[in-house]
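Structure below; questions to follow.
Letters A, B and C mark the chains in the order given here, with residues in each chain numbered from 1 onward.
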Amino acid sequence: MEQPLAISLFSGTDDRLNAAAVLAAGAAAIGRPVHVFLQYWALDAFRSDRITNDHGLAPEAGVEGANAVRRLARLGQSSWAETLRQAKDIGQVEIQASSLSMDLLGLEQTDLDPLVDGVEGVTAFWLAASDGQVVFI
Amino acid sequence: MEQPLAISLFSGTDDRLNAAAVLAAGAAAIGRPVHVFLQYWALDAFRSDRITNDHGLAPEAGVEGANAVRRLARLGQSSWAETLRQAKDIGQVEIQASSLSMDLLGLEQTDLDPLVDGVEGVTAFWLAASDGQVVFI
Amino acid sequence: MEQPLAISLFSGTDDRLNAAAVLAAGAAAIGRPVHVFLQYWALDAFRSDRITNDHGLAPEAGVEGANAVRRLARLGQSSWAETLRQAKDIGQVEIQASSLSMDLLGLEQTDLDPLVDGVEGVTAFWLAASDGQVVFI
């Protein structure tokens, strides 16, 4: 089996979510199992009533960076949610919401986009993550 | 022995510090040795005269996110410093300040909270981190 | 051979770029091969017409943090670009630009500083990164 990849996904801006989705999809495409753990503002971005919203960019993007991102979106570039959906179709990608962050934001699983497979605690995350690489985004 | 976890901790906002503390405590709870390396704004947050201050949130939190964090704090949720203190009690958690960041901020070890075990350079960090997983937060 | 280190470098502020450069140089100094993958705002910071510019700091730096960084720069501290140049001299450090981010920012390789060795896709990054540790900065 290829080495698993675990992503502790904290950030909720479109640029970081897109970077995470591209890394997850690339790993899934070469056969690696990918486990994504949604915390804080990343979890908020997966709410079904907001997932297609504009989630902003890191402040460092500046006006020029924001224009570049908007131009690619107009040209039909996939959103991070679409990239993750495609990654789930071609590979083994599991997306779990952090139970602590669910409490923080007052969410139930029915509030989340169907991309999210379930809710887990940090211990379950570490058990899933312990065999491979892990990144925090 | 369980796989070691090294955390290169750079960020000094309460949301990221809390995410780091929860990941560290979860890893320690399942028997993993955890090594935390404090740099830049994370190190600043461990100054003994500031560790209980409000350290703000990532800009992406927004008003709604900030209210959610404040509501949990009022309900008695542990601070990240308390979470790390508990993690040290139940497991093997070592917290080291980056010598370069100590110079940057003009700090001596006596300026830091007793949670911090010592000061080390980046080579010592890599020697401690080389056997397991590493995350940058 | 020492364990390889892969850095998925996303952030373009001088504090995070410097943290990344110090981690990369420290790993290279103990004989570890280092592979850096430039995305988004980090890639923008490697443009040859901007690499020596002030790239700002994370918002959490605050006025006091910004003054500390400026003071060290006046005292002659190496910039992150110089640190990476020195790391390339003493060790095995490869820096690749993300092809997706090149498209996003409308760049050609001739627009980039000679520190950047080439352009690669995410699959090539994962193939280079799969054997060791990986961090996202």
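The rule we apply is simple: contacts are C-beta pairs under 8 Å (C-beta built on N, C-alpha and C of every residue); 3 or more make two chains touch, one makes a residue touch a chain.
Computed from a prediction, not measured in an experiment: that's the story for all the values here.
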Rounded to the nearest 5 degrees, what is the angle of the rotation relating the C-alpha atoms of chain A to those of chain B? 120
Does the chain B and chain C pair touch with the same residues on each side or with different residues, judged by whether over half of the numbers are shared? different
If you average the CA atoms of chain B and of chain C, how far apart do the two points sit, in angstrom? 23
Where in chain B do residues touch two or more other chains at once? 58-59, 133, 135-136
The answer for chain B against chain C in the complex is residues 8, 10-13, 39-41, 44, 55-56, 58-59, 100, 103-106, 121-123, 125-127, 129-130, 133-136
Once bound in the complex, which stretches of chain A touch chain C? 2-3, 15-16, 19, 22-23, 25-27, 29-30, 32, 58-61, 65, 68-69, 72, 133, 135-137
